[in-house]
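Labels run A, B, C and D following the written order; every chain starts at residue 1.
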Amino acid sequence: MFRAVSNRLGSIATVMFIVATVVFVISRVIPGDPASVVLGAAATQDEIARLRIDWGLDKPLIVQYVAFLGQLIRLDFGTSLFLGQPVAAAMLERAELTISLCILATLISVLFGMPLGILAGARRDGLFDRLGSALAILGASLPSFWVGLILIRFLAVDLGWFPVSGWGGPEAGWAERLHHLILPGVVLSLPNAVLLLRITRTSMIDVMSQDYIRTARAKGLGPSVVILRHALRNALLPVVTVIGLTAALMIGRTVVTETVFGLPGIGNLVVQAVLRRDYPVLQGVLMTVAGLYVVINLIVDLLYRWIDPRVRGSLQ
Amino acid sequence: MGDTTVLAVENLSVEFRSRRRIVRAVSDVSFTLKAGRTFALVGESGSGKSVTSLAIMRLLAAPAGRITGGSVTLHAPDGPLALTALSERAMRAVRGRQIAMIFQEPMTSLNPLFTVGDQIAEVARHHLGTSRAEAFKGAVALLDRVGIPAAAHRAHAYPHELSGGMRQRAMIAMALACKPLVMIADEPTTALDVTVQAQMLELIRELQDETGMAVLFITHNLGVVAEIASEVAVMYGGQIVERGEAGAIFAAPRHPYTRGLLDSLPPEIDSNMPVRAPLKAIPGSVVDLAALPPGCRFAPRCAWRQPRCETGAIALDADPANRLVRCVRAQEVA
Amino acid sequence: MTSIVRNTENGSAGAHPAAAAAGSQQAGRLSRRGVLLAAAAMGIALAPARGVAQGSAARTNLLTVALPNDPPTLDPTTNTNNVTSIITQNVFETLYTYDAAWNIVPMLADGAPTFADDGKRVGIRLRAGVKFHDGSTMSAADVVASLERFLKLSPRGGQSMARITDGVTATGPLAIEIRLKSPYAPLLQMLSFFSAAPAILPEAKAKGAMGGPLAAIGDYIGTGPYRLVERRADQYVRLERFADYSALSTAPSGYAGKRSALVNEVRFIPVPNANTRVQSVLSGQYLVADGLSTELYNEIKANPNVEPMVVDNGGWLLFVMNMRQGLGTNAGIRRAVQAALDPESMLLAGFGSPQFFKANSSIYPEGTVFHSREGAQLYAQKNPQRARQLLAQAGYRNEPFRILTGTQYDFIYKGALVAAENLRAAGMNVRVDVMDWAAVLEKRYDASVWDCFLTLHNFVPEPSLIATFNPGFAGWWDTEQKRAALGRFNSTFDPAQRAVAWNDLHRIMAEDAANLLIGTYFGLRAYNKRVEGVQPLLQAPFWNVSIKS
Amino acid sequence: MIRDLLERRKLVLLAILLLAAMLAASWFSGADPQRINIVQRLKPPSFVNLFGTDDFGRDVFARVAHGARMSLLIGLLVTIVASLIGAALGLLAGFFRRLDAALSRVLDALMSFPDILLAIALMAAFGPSLFNVVLALGLAYSPRIGRVVRAGTLALRQAPYIEAATAMGASSLRLLVVHVLPNVMPLLLVQGTFVFAFALLTESALSFLGTGVPPEVPTLGNMIASSQLYFRSAAWTMLFPGAAIALAVLSLQVIGDWLRDTLDPILRNVR
């Protein structure tokens, strides 16, 4: 067991190193410089130069790169050039919103994707199967921001059922917070729900054709018991990994959803960081997101091994 | 035990219907299962023997598979039950309770994510409503009864932790959970190696003597039939071509197909069988159930073929008293 | 760049779709209850409650203001960002300010300044008993330290003024003196205009931040009617009423006179997406939305409970040419460009309808001191043929004429596209280089990359405050006659002579054709009808503003 | 299984026709998508302007037609770039055990960035131009293809005919190109179709965020981004481009699904 985890950690370390290098190169190659953005259009050239020196942007790239890696080891992402606060603090302030949004979106995608997938897979080419596949393909082809704008227009502005943007002031309780997160949650969950539906359906079809399902029916068990107890648990194995992975990839998609709905989360922070050339924040968010993805990947992998008794015993 | 009939299959016919093809998998099959005795259904794959067993259990893949004729009647102690007429819910009460079934692939017939004990206990808890602990204790007893060593420990094992033979024993234990009247064994020994095969047959015979249950044994291996069956029916192209007492048929097959099957057996396996002609294979390939010839379905491959074989349908008529043969030249074959 | 971000901001703060709406102080509370999200999600979705959506706005003592972007910093002195000024003008005050007619009137100063040594030594007396937010009372030492900080850090006027300032000293507990190297006419403008402003801070705070922006929230101590309470970047800035604010007794007029905080809290929320910003005020989620696109005027007008407000002195568009390198150095080509441009269609493309702009040749409108007819005949020639001749005479050989632009402000982007069409009609080989705002701002100072760019300049009450006259400003317009006229304008005190000098400068601007005036445009904002007291100013203050319940 | 494939063929034909129509629409749309006519701005759909006009007075139908062609072009180019990089990485990683560890770490690293995030960062780094969008998205999607090709190559490596070819002394390069590549092509084709669909969506999202193709290049994403403001007063400026993207992605997915199922027998032994 230990050997399996240690070489996984080894590979994770190399992956994170490559990620760090890619992030550094990207952020340093971006044209446009943060100093001019902070000082405003009327600032003269020498003021901009002075600020660049303050931020150490004038040092040769190699020096900046080493400094960057040094900071990373200590998990210190440096201070935002723009927000005047440490990057870690900026992310923490926004993490709560993004994480709540992702949890809600994952729940919505599970609540809609899986049951439909199970029903579709249980009886192949049945009504649910056709309906499910049609919904899946349609859902996967709608651009999320377009759906967001339409929802805002009709549900928020015309009907007034939901707030238009943001997620309530500091005094807002979690009920109001939630009310703000419903529409973005739905938009964010769309691609995941579709993926879950498809994966669950394929997995169900595969499991329903297995011999032990025929055995279960031969034991006289009713269809609901056969599906829910015997088929579902086996079908969910591959689905669990997908839920884990898509939750991680979802963070990337929050960028669009948070922009459409004006939510001050991490997704929006990274767009700002790019547009304001706030290198430290860009590096911090990209590292965190990539790190999160790798960690979630590991957890899901271990989870999968633990659930499946066939593998649990012989953890190679 | 005498020979009280437990299960009667009369003129059973099954079809698989898809948009452009109708496969007549089983045509007009009749036989009866007697308590304490084993009835064998023999034939090459595609002869309809497995479909017959699934039809009895009403486990045909809906909506394609359908029973299009005949009936299956279970003579339970509290009165006969026409299985083909039962509602799905009523049939569920029969499956696993009065009629149990074991399958060919022990490796995949058990749910990988549940312990063996749980899967056996589930039958008792479902049908008899016994408590979880009691059912599990029963399961351990059954495992012990079917010859699995250290049954109490093994009950907590997962299927992948058992050998093929042990898993098949677990399947048998599961089948016995509710002391069924009939056990259908669909090629239970095919996937096992020869030594384990013999033990399995011995186990089934013991259990049968002990419980008096009727066994429908489905196989393509004539050697196994000789070992275990008292009565046998040979199926070809969805029809029974010959039915009768096992020993008699082995000694004097009256249908060309049965004869061909026996001739293709390597002699040394059946040392107690007089050596007939040299090893011969049956020419041609199995008939296509979607394009059945008019007359005898074996005619295209039959050495004794005559024009009249291919005109009208051939009846299954009693040749000597206790033998049925579906061949006009049965006399000459013997 | 989400292209539709209408903003009359002069500064750049290239923020575009920054996050909007307030974050949560009770961070801990929600995450502990994260697990209830699922059950609640279903419950809430089924019970649409309009009230909840506007929960925070319903209270009558909370004024929510949606702004186009999140200010990079709240320091009133170190940057020219328009959103920063809008917020901090409620927190800090300056020695002088403007009344409704843009006359300069005392604010923290106690009366007009005294001039000695023919204008080189300026004495200013200070009001007594003015309270800072931290309870201390304003003294001469505070003002001296604040002005020194202004001279050192303010990019707008401070640094150019610093070159001709010997020093600032306290001549008494409530009196200071500014010693200049030469008379400086725009001095009072510099001490009044609230952008990169000479905000008055306690001495300790000013001295503590001589190197850069104020760091902690606690350092933002001013004398204004509201205190800065909390700032969560990209989420909100919260100001609270300052109980013992020392108000003037004179009647309120423009920025001058009595300022009173009529609401408990003013909360500024960045909502960069223009569409979302206007929807949030139309749906009643926020009470005020600023920097809106004039295209939305009709839609706002149609809404029963929201009032549109056109701000007539929004700013003006300038077509700046590169005098340091490339085609722009050739005067003939510049005049050809001047002849080819059609300001009317450039403005129509950007602002939607003539109701929201004036295609005129003067930076300041009729009826104001600085209105000028000079250069009118060179304005809006819309004459591609004449341009073609001028190009031939200037020896133009079809080299690419590069227009540098970004999409941060849609009226700049569209104006640039129309200008490109006009120049192409005159036979020029035009290339439009579009990039995001941060890159535009950087590239402006790289003379090798562009030939011209269209930019905006916010309304400023006095020409000396116009940044583009500064020779260091991108484009590097620095001809001999311009430098002389600018020198005369800045050194004379006598208004008549200043008007003459200004007219000369206006004429030279048209003749040099380095900075072509395209026209002036109006700003648009919208506010809920329950809000009273919002003034039609570009940087509208939020004192003397109340909410009807 | 076979039955529903035949039935779906009609659907796939329709999808292919739709994509072809979107590609060709720009040739017979008549109006010039770039012609600015301020007086005609924001006119509702009419016979003159089938999809109405936008805030510059340009004909929306012409712009959607050109936009569709441009977006599809970008999608295709991205797929090609992603396939080239992905296939190269995948083949090398799959075939040469020594390279496998390093290359698959690189694939994992790229894969750990959500595609849109990586694209945004690359776009900011490269600056907004058509070529850069294709490069950025191509890089972002290359690991998705790389992993599939690697899996395919790994599976094929033990295949008897590969061993036979090696036995006959075939050079690894020849082996890769002649033997492995053709057998991995179906995998590439299926994955490529889905990458094409995702690229369309991501390109439009990039344009919406303002970090995509320069605004004057009429892609569908740009059109939606710039028409947000007129959603209430002139909804057609936003609805038609959005519908066009949805239809294009829908068609690509139908084709992708069909390809995967018809090529399934081949894939099955590889998977």
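By definition in this document, contacts are C-beta pairs under 8 Å (C-beta built on N, C-alpha and C of every residue); 3 or more make two chains touch, one makes a residue touch a chain.
Every value quoted in this text rests on a predicted model; they were computed, and no experiment measured them.
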Comparing chain centres built from Cα atoms against the global Cα centre, which chain wins on proximity?
A
Quick check for the class: compute each chain's Cα centroid; which one is farthest from the centroid of chain C?
B
From the mean C-alpha coordinate of chain C to that of chain D, what's the distance rounded to whole Å?
43
Counting only Cα atoms for the centres, state how far chain A is from chain B in Å.
54
Return the distance between the CA-based centres of chain B and chain C, expressed in whole Å.
91
From the mean C-alpha coordinate of chain A to that of chain D, what's the distance rounded to whole Å?
21
Hey, what residues on chain A touch two or more of the other chains?
31, 149, 153, 157, 259-260, 271, 275, 277
What positions in chain C touch 2 or more of the other chains?
1-2, 16-17, 273, 275, 435-436, 439
Multi-partner residues of chain D (at least 2 other chains)
124, 127, 208-211, 228, 231-232
Report the complete set of touching chain pairs.
A-B, A-C, A-D, C-D
Spell out the residues on chain C that touch chain D in their complex, using ranges where they run on.
1-4, 16-17, 273-275, 293, 295-296, 298-299, 345, 348-349, 352, 407, 410, 413-414, 417-418, 421, 432, 434-436, 439
Would you mind writing out the residues of chain D in touch with chain C in their complex?
36, 38, 41, 55-56, 124, 127-128, 208-211, 214-216, 225-226, 228-233
Interface with chain C, chain A side, in the complex: residues 31-34, 36-45, 47-48, 54, 80, 82-85, 90, 92-94, 96-97, 99-100, 103-104, 107-108, 111, 149, 152-153, 156-157, 159-172, 174-182, 185, 258-265, 268-269, 271-272, 275-277
Which bits of chain C are touching chain A when the two form their complex?
1-2, 10-27, 29-31, 33-34, 36-38, 40-41, 44-45, 48-50, 52-56, 62, 64, 70, 72-73, 78-81, 155-156, 159, 196, 212-213, 215, 230, 232-236, 238, 267, 269, 271-273, 275-276, 279-280, 282-283, 285, 435-445, 455, 467, 470, 472-473
Residues of chain B that touch chain A when the two form their complex:
57, 59, 89, 92-97, 100-101, 103, 105, 108-114, 122-123, 126-127, 158, 160-161, 171, 174
